[in-house]
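The structure's right below; bear with me while I get my questions together.
As written, the chain order gives the labels A, B, C, D and E, with residue 1 at the start of each chain.
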Amino acid sequence: MRAPDNPVFAKGDVLLAVENVSLGFGGVKALTDVSFDIRKSEIRAIIGPNGAGKTSMLNCINGFYYPTEGRITFKGVKRPKMRPYEAARGGIARTFQNVALFKSMSTLDNIMAGRSIKMHSNFFWQLFRHGPAMKEEVEHRRFVEEIIDFLEIQHIRKTPVGRLPYGLQKRVELGRALAMEPELLLLDEPMAGMNLEEKEDMSRFILEVNQQYGTTIALIEHDMGVVMDLSDRVVVLEYGRKIADGTPSEVKGDQRVIDAYLGVAH
Amino acid sequence: MSSAVQMQPQATQTVLTVNNIEVVYDHVILVLKGVSLNVPKGGIVALLGANGAGKTTTLKAISNLLRAERGEVTKGSIEFNGERVDKLSPNELVRRGCIQVLEGRHCFGHLTIEENLLTGAFTRKDGNAAIRRDIEAIYEYFPRLKQRRTSMAGYTSGGEQQMCAIGRAMMSKPSMILLDEPSMGLAPQIVEEIFEIVRKLNATEGVSFLLAEQNTNMALKYATYGYILETGRVVMDGPAQMLRENEDVKEFYLGVSEGDRKSFRAVKSYKRRKRWLA
Amino acid sequence: MDILYKIFIEPFVFMGEAPDLLIQTLWEGLVSGVLYALIALGFVLIFKASGVFNFAQGIMVVFAALTLVGLYEKGVPAFLALILAVLVMLVLAVVVERVVLRPLVNQPDIILFMATFGLTYFLIGFGELIFGGNPKEMITDALFLPQGTTELDMLGGMVRFQHLDIAAAVIASIMIGLLAVFFSKTRIGRALRAVADSHKAALSVGISLNQIWVIVWFAAGIVALVAGIMWGARSGVSFSLQIIALKALPVLILGGFTSIPGAIIGGLIIGVGEKIGEFYWGPLVGGGVETWLAYVIALLFLLYRPQGLFGEKIIERI
Amino acid sequence: QDSVYVPLFTYRTGPFAGSGTHIADGMHDYLRMLNERDGGIGGVKLVLEECETGYDTKKGVECYESVKGKNPVIVNPWSTGITLPLIPRASVDKIPILSMAYGLSASARGDIFPWVFNPPATYWDGLSMIVKYIGEKEGGLEKLKGKKIGFLHLDAAFGKEPVPLLQELAKDIGFEVALYPVAAQDMQNQSSQWLSARRDRPDYMIMWGWGSMNGAAVKEAVRSGYPMDKFYSVWWPGEDDARAGGAGAKGFKMLNWHAVGTNFPAIQDIQKHVVDKGLSKASKDKVGELLYNRGVYNSLLIAEGIAQAQKVTGKKVVTGEDVRRGMENIKLDPARLKELGLEGFTDQLVLSCSDHNGHRAAFMQEWDGTKWVKISNPIEPMTDRVKGQLEAAAKDYAEKNAGWPKRTEACDKAS
Amino acid sequence: MLYREAGQFKTNYVADSAIFPLRQDRIGLGLIIIAAYALAFLGNSFLLQAVMIPFLVFSLASIGLNILTGYTGLLSLGTGAFMGVGAYACYKLMTAFPEVNVIVWIFVSGFFSAAIGALFGLPSLRIKGFYLAVATLAAQFFLQWCFIRIPWLVNYNVSGALDAPLRTLFGTPIMGPNATPQTRYLVVLTIVILLTWLASNLVHGRIGRMWIAIRDMDLAAELMGIRPLQTKLLAFAVSSYYCGVAGALLVFLWYGGAEYDVFNINQSFFILFMVIIGGLGSLIGSFFGAALIFILPIVLGIVLPAIMSPFGISVGADVIEHLRFMIVGALIIFFLIVEPHGLARLWQIGKQKLLVWPFPY
């Protein structure tokens, strides 16, 4: 995989800034005045109790929701109201809390579908499955096979993903997001429903993506072990408000976080 | 269901017996290759295993929901309270006191949280007052649900839906609950809360549990007995205590090998091998 | 300019000039609306309870009416025939549940839709085998349905109200009211919505799909019988009546697939809309716009509210 | 075994079964009667086979293909939709097509459509007769000037066919035309059309309908208080349709060209040899009703075509090609009708090489509340006007279908 | 034992992503195509004219609808009308420019229905599921109304109907009264094979993946950068193209003349049912579906009287017809229960069983 080369944004620059974002649905306030930033090449965890607004935050970032107030700046540009596919084309990829794979497609096709935005051969060649279309198909197939190798899912390459167990589906979903070669990768509970061994594997993939390609990652996860070990910085939400922001150890010691989220024994 | 009925003479009797079942999906995909297990009356039994081992399939085979997914039990038998139940419809099983909490939420998206809970009481005949009381009890367990009681379940967050699904199953006052990954997607303190509820229901009302769980740590802490499933077969079973002390289980499921928890950062890519597969 | 005048001014001028015709048009629209709503109601019931888009509703209307009339022709007294027709609908509901729905539980909507198409074919063949393809007259007198017309002199003209139409409106309103109460206030009503949401989850909480489906198909059968009587009294009982069921589609879509009040309000909007449209604007393009106007009206509403006026919100969340 | 094969396309199912069933019974019973009474035609037994089309073009074409191999001597599609695809095939397969008073009006031209027959009159003839009749009632065609005539028609090729002629007449005579199209799917739901009729107040209403459209129209007319004696129809409504309007339908008028009732030896033979023996599907009281007799008339033409074919060829077992010639030799004059036991059943009909239609007169009949009553003498079509339409249409058809085969079949007699 | 995957290794991605990776499948397909061509010379005119030509035409229309409903998940009830657009466009084109070969016009006419289809596809961005069906129903009824109301479309024919003028290819008549069933069958067969091949290329490539993505989970697809509107409109256009060509073939190479009525709502349902029963999202399923829905009743019509007559039961054509309806209805339900995903899935399962035969799994 190639690292997306972006001369302007070096490691450590603010890639995405969320400023005073609020989001409401009728009477429900999902987010209230939340501000934080995500820096280039870091792993940023978002944690908080259930219903705190973590998923909603990701949805705002990739354009699925539009904040009722506040603004989001990506790569230094204030984002206008945009459709999700525009965000995706701008370099933001994500996985979903409730697996959202294309159930009837095979693993390979799912990941290939993730490459759609990188493929450009025209309709005519597609019709004949020849020339540029075939060339492109093979070229991207090669890339996708790399991802498959990387994620160690060769054996299920041709299985329809609807039949896969939950944990593998999550892995395929990660693969699909990686296929977009994103600059910012949003992961919504990538390790829910996995056992320890699988979590370890998943952690390894996340770290590797982050370290080798410098991909910036925003991560929602309820397993504190994972969050503490992987993330560079953590932001904590509760009832739609930010209650803490800092390094894992800072956050872990914060009394409000302990009360709201961690409970006692951590 | 009054618990008096369950408190029949033999205390060590098994509520649920699964006898060497084989499950095929879509006529061609063989998933369970002979699984047997027992749940003693008033026991909490954990069903552990990696992804795709067949935990969910086992639970669905028991609750007879397989047919709805074009799966089929092709061999073996399932008994609940001494009665063959493989041919019953799911709702008859619920009436007999055995209910499943489906993996991956499955709330009724267009119903409000409260209506979801009410549908859980569909099979109950003990009147509105009792049902209201139980709803309040569930709100007490999950205060978050109370706040969102009038929201459509489809719009609530993943964790809220999970709580809703669990609460809904509890509403039917079952004598046995098949819990599929209850902790998935829940915040740490809620996870503990849920296991506490399990323990409480088990202790005070004698509800038996069959618990498919990835969070082995928790599961083995609360369960009395455990089965470990690998690719459709039971590879190991024993009292929870014994499993907790097994070296393999420690390494692969509990993450404490040689007494210490290792960091997720430290994991190296190497092919590990489970001893029982040797 | 002229064309603009014809489109935007003339029809209104005409409305003002002949208010009696306007009233008559509105009345005709309302009556058709009620009758459309009756058919749509059958769809709604079944959709609500199982997420099944019941293609067979049209043929059920015919089948119910034919049973009634056919029995009567065989010498069964009218009210006994009515009771027997109700029983036949019950049997149909049970059979459909056993043979079609039960084995197809938890399948995608479109598959169930297809199955009801199979059912339609079967019922057409079966109905014609038993009752023959000949049109029959509805036994209006024997059922004591009022006939005749009231003519009111008003607004400088005469407006005619058919007694049968008035009866249809009253009966339809009563039925819709009863059903609305039944489904919103009872335990069954909630269970229904749960089933429509997810068969699998409904099964898992112990809702007996079998029982629910029989109830609902039976209710839809009764609605079909009433619709059959009303439509039959209006335009005869024959297999061509099933085409009319198509008219229920825009009504459904406008009102929302899952809403009983939606069916009636949708029906009225469509009924009045198409009559007014045809009457005042139809002549501009040579008439016959009624065939598609209903759909276009429904489409415009949908663009504004994709789930229809009263339909359940389409949940989009990720 | 001497026999000829006569397939009967029928529709006892589907939305048009209400009309189709009676016609099918009449068609079948007459030919069956010939078999039972005379042992067929000229000593040759008729092999009858029904093929169910359901009035559906797809199935009709399928029927045609399935009977084609069995050497049918003639085919009656009984639907304009089915007739259209069969017209080009007939000439290739050498099977005559009898589309009795329906189908493609232009096919009246034998020189261009040697294989298609549509006697005894075209829709244009029919319309001209109704207009003529109305005109006479008003006291002369010119009295129609300033009047308004409504035209309620099925919104399909069949219903629209007379429109150009009606408009031409309107221009010449000076009356006004209001069109009320009824879409097939709204056949039973005509309140808008009748509302519009209340607005336009046409002095006369002419209907071009089929199937349940007719009954529904009569009902709606009664409902909306349209004067029934001003309501005219082309020849397709049956007793059931008129009955649908109840007592209020009295005065409804329609064109017809054959008798209703059973007062004919041949029809009584049908009762004796077929219906009473339980060989018919028709119930006894339906024998002699309008559409039943329409079926009988259709079969009369078939039988006559076969008989004439036997005569001109001298063969007993005739083929489709022979029957085509036979049809062109049909001469049903009073003497022949009497011979057939149908004296007074219908006006005389003579077909020829060039004229496959006859353009025969029809008469007006009125519904008296229980039955049809003949109320007029035969009304001749306005041949001068109709001819023009016909000529133009036939030429047009042949022109547009460049490569339309020229008639190669010889003529048996000068025309 | 002949049907085995073993021993067939793919050494490059081109071979691996072939549409029929299994050699046995490719051979089978070749044999079927050869047989189909051979049929032109072996089959009688009933088989060609009443069974095969319409079967192929309906298969083509099913492929069209399958692209929209099966692959992209957009329910359409406007198929009949889109077929009509193709037929009317073809008629106008070939009568206006008789010098150009009609085959060209058949292909070109599809573009007209593609354009109309895309137009009526616009609401699909907002409207989904059964609700979307109404948008397409509006198309169905509106277009049908246009077919009757605009006499220009039929060159002011008094009959208001379309007719098939004589047209030739290499000097042989392929359209009009003098075209033999053989030639027409060959033309239809070739067009259907060609278009099926193109469709299969499309659905197996990037565009196909985008369509399926939209069908399976449109929100996720959009979050991955797939433009929903464009993708859906493309599906509408391609689908309508196929339907349009099928419509032209239907009128000019099968019926040889038809009224607007053949493009009515029943036609739309008819095709939709072929797609569903055959298998949503499967090209081969389109053929199976067309066979079941179209050919089965024909077979029943032939078989039923034959099985009844030995028992001395002679029943009328109408009773046969009623039984035919009942049996077809019952069989549809039966097949759905056996395999809700359509005949194509049944076929696939059969092949899978064959692969592992003689073992059950």
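A few comments on the model shown:
Assume a contact is a pair of C-beta atoms (placed from the backbone, for glycine too) under 8 Å apart; a residue touches a chain by one contact, two chains touch by 3 or more.
Since the structure is predicted, the reported quantities are computational estimates derived from the model, not experimental observations.
Note on connectivity: the fewest chain-to-chain touch steps from chain A to chain D number 2. Between the contact lists of chain C and chain E, the overlap consists of A, B, D. When you average the Cα atoms of each chain and compare centres, the chain farthest from chain A turns out to be D. With centres set at the average Cα position, the gap from chain B to chain C is 45 Å. Each chain gets one centre point, the mean of its Cα atoms, and the points for chain B and chain E are 47 Å apart. In whole angstrom, the spacing between the mean C-alpha positions of chain D and chain E is 36.
The centroid of the Cα atoms in chain A and the matching centroid in chain B are 29 Å apart.
Counting partner chains per residue, chain D has residues 12-13, 155, 181, 183-185 touching two or more of them. Along chain E, residues 145, 148, 219-220, 223, 265, 318, 321-322, 325, 340 each make contact with two or more other chains. In chain A, the positions touching at least two other chains are 55, 64, 96-98, 100.
You'll find the chains touch as A-B, A-C, A-E, B-C, B-E, C-D, C-E, D-E. Against chain E, the residues of chain C that register as touching in their complex are 53, 99-100, 103-104, 107-111, 113-115, 117-126, 128-129, 133, 246, 249-250, 253, 257, 285-286, 288-289, 291-292, 295-296, 298-299, 302-303, 306-308, 311, 314, 316, 318. Considering their complex, residues 63, 65, 67-69, 89-95, 99-102, 106-111, 115-116, 118-120, 122-123, 152, 154-155, 168-169, 172 of chain B touch chain C.
Residues of chain A that touch chain C in their complex: 55, 59, 64, 96-98, 100.
Taken together, the chain B residues at the contact with chain E in this complex read 24, 26-30, 70. Those residues of chain D lying in contact with chain E across their complex are 10, 12-13, 49-52, 54, 57-58, 61-62, 65-66, 68-69, 80-81, 84-85, 87-89, 91-92, 104-106, 155-157, 160-161, 164, 181, 183-185, 281, 389, 392-393, 396-397, 400-405.
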